[in-house]
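Each remark here refers to the structure printed beneath this line.
Chains here go by letter, A, B, C and D, matching the order in which they are written, and residues are numbered from 1 within each.
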């Protein structure tokens, strides 16, 4: 029987499949549909210190092979999350990763401190890459020093695994992976969404109230896989890969490119019962290829002798 | 608890160039479904389109013995997904997720029930009408369309003993004009609060807003079933929010899990984005 | 009757629809399928000074809503093009734009000089953005000074309109638009393809012989539209927009976002007879909206009062 | 000059769990088509998949009066596009672009024609066989498949007076083993250059390479129809290149316009990427 468990720093996951932030609410929304403890992990919606209303609708629009979203990080704030959601998530045995947001270094640190003091948070994913709000950390995520500063600031206040989530909207994502590693990150996750827009040509207006939004879904997968592969060459810390994963084969592309775990976002909207399918598919693949542990697959891309790049 | 059923399509009945009724073999969902709840339908297997689309559960489909074998949706063709559903053929299988959302609560007698439907907004009222009939609640359906072509299923409702008031914008059927006109007239005729009656509305946002207005004016409770764009239907994406009153301002709530049915007076209509037909 | 003609610097186009480089051969491949002079313009495959063999197959792979390509700029070289292809293109009345490639500033300049001396070249599109070959100019296209240097070097040797083609694989594409304008470009075109990869999970090998390739097609359209809109705010020179255009509505998104003309690449593979459909669709749209000239549509995105970006 | 026809599907005949024949109403294309030419089929309207797929023109489809009404393709299900084609239903319409590429040139008598087909590689030989029969050229078809299940259309060829030599890898039909075995045997029996004969081959790359080898060994001309991945079929994308000899090395040429039929001896087989069934 294949061993699906993986290790992200000090964090043990039952299997490599995690629900991506913002695509799974606070997890509890899915609790009576299935057993949350069967997932590798649940990354909850991005949280600031305070509650946020987010952007007015329309907040999403479908595009070829994907979708744009500009939710604007609506959320209940970290304190209400800890008080009202976390206990139930613990009770259900979910491996909870919190997507940490901030407008300032202090806010990132404060949110992280509160989460470290709470019971039942397995790791912190630092959202320095939300393209949809000015103060959403993208100013940190698009600057190497900004990335370094956020990670080191949070490193000081928590012993939880910290996982900066990188934006794909940069020239060289691997340099951001290195900055994260240098600042003491335990792992990195990528990719967040691609800044994009769609226009209703009949009204000549943007289709999203926020004008721009983030592109996710199968459309971006080949770019995300490339970025994971580039980061794999650049850093030693584990990578959590995501971007358009719909099937086990899609997930395997990320794992073979160098991801130790993967997250599924948009595909969870299309099929909320996707998890058993992914898990069984991976077990089956490992049996067929006689692979004992997922770790034996990570980064095992084989490049025939010919010219690379 | 919602279930996802890869449901066989039992029939696709075209009612007009852009309206059709699709019935799905999904007894598991139909058995649980309450009036006003909805399903998320995956209109195509692949990417054309990718996301599911929300549809009110229209009829409970029964076999000869009256056993529930499935459910139907009333589909209006407006874009990629609804066009696919307009073209589906019996025997095809599509994923149907449901039942989802908070239902209409059918009032018991002596309370009266007035339903107000605009176009495809008729959908949630088939099962609500059945529930009301069961309870013996006397009910009226105010039903507006652009023209005679858009008015369907009248006998379905009359057979249940529902009183029908039909309006069309071009006057080709029933009273000419908006459906809110007869509604307002009859409400004033009744005089404020004279008898207990509750209003249920579904249709284009401006229509629902108007109904909310006349209802408030005559001190009646109004429940509306909203139809925002929905990405997941399960509370996962926060795409479907609508503004509900909070202090002086408003607060966005997810209509897929806190709705789609809302007390009209709790909504901040000025802040509402209108999608719609 | 709507006026479809547009102006790109000193270059007049019959209509805004151009065949994108590398997706239309040297144009002549399509000459007996239809009249090349009915297109706004034909951008021919990228040309170096010398012939190039390109990468071994497989050179393309389809991905969700798009495709990857790593052709490696196979080509006959600028001299053979001028001798063997250009005269026939002229005879057929095609508006010929040549996609200029180079490994060095000198090569860019030399290729440009040869093309300026030839009869029948309407403009030069500078390929500083091919993601598929190390020496394909991407080292210029990903650096602001590199972009500035290439454009000014070519500005010195030609009076033809020069149109640098920008890569989307950068953090801030609008800064590259400005660098191009400052260096004397007459227009810019964007986007080239997104660096990406796909993996065959059964063999654990890349699906392309070159490992990485460029993502094109509908999948990238929302990102490309966003980039055109950003560049529109940044520069005064005309923009030629592209990326996933399949329909007139897609083209209108680019035009409304700020493109004066558009190019169609991948969609030409799916439907080689797409041109009349696009042209008629635009005529029809302009009639319905009572718009006299395409110019009246360019950049006419209307943003409702609410908060932007 | 190729044309693009939104062609009605006249029939879809399943031959086996992964082989079927689809006939299209596309007389404009069939009328112009020569043996070995191909069409680019848009397997779906949307993005599942997006790019067209290349298929050899299999039969010319004729009506009762023998007028050409369309063409058929022999489809083997290997992925997204061919799976769609396996599932199409009569009445559906798909875009078919063609005829494309350089055809086989049928040799005239007294020259003999030997055709070598591996699996779905049979496709181009139906029309070549007809052309040879018209010219009265005596012809043989060496036809190899994995098992009896993969051997089709024998009477089509025998009816044309073609001699058939069938092999299957599991021996469930005809001779057991590779199709190249009887080919090589018969070639040696003939002795080098004794009678003029030309070999035509289509199938998996390794098979075509082997045929090229035995052909060369006995000094025969061999023409192969290659099946690389093709993005456009019109010479626009340079995706379909194959290596042809140039001096000591090779040069990549576009097989969609300079092929798909090539003189096997002009190809650099060592540099050939094998796609295939």
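Everything that follows uses one rule, which is that a residue touches a chain if its C-beta (ideal position, glycine included) is under 8 Å from a C-beta of that chain, and two chains touch if they have at least 3 such contacts.
Keep in mind the model is a prediction, meaning the values are calculated, not measured.
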For chain B paired with chain C, centre-to-centre distance based on mean C-alpha positions, whole Å: 48
Rounded Å distance between chain C and chain D, as computed from the means of their C-alpha atoms: 36
Whole-Å gap between the CA centroids of chain A and chain C: 33
Junction residues of chain B, two or more chains touched: 47
Residue numbers of chain A (touch at least two other chains): 56, 64-66, 209, 217-218
Overall pattern in which the protein chains touch one another (line/ring/star/complete/other): ring
Inter-chain touch pairs (all): A-B, A-C, B-D, C-D
Complex interface listing, chain D residues touching chain C: 1-2, 4, 42, 47, 49-52, 80, 95, 97, 228-229, 231-232, 234-242, 251-252, 257, 271, 273, 275
Chain D residues touching chain B - in the complex, by the definition given at the top: 44-48
Chain C partner contacts - residues on chain A that touch it in the complex: 55-56, 63-66, 68, 134, 142, 169-171, 194-199, 201, 203-206, 209-212, 215, 217-223, 225-226, 229, 244, 249, 252-253, 256-257, 285, 300-304, 306-309
For the chain C and chain D complex, residues of the former touching the latter: 22-25, 29-30, 32-33, 45, 53-54, 56-62, 64-67, 69, 71, 74, 209, 217-218, 266, 268-273
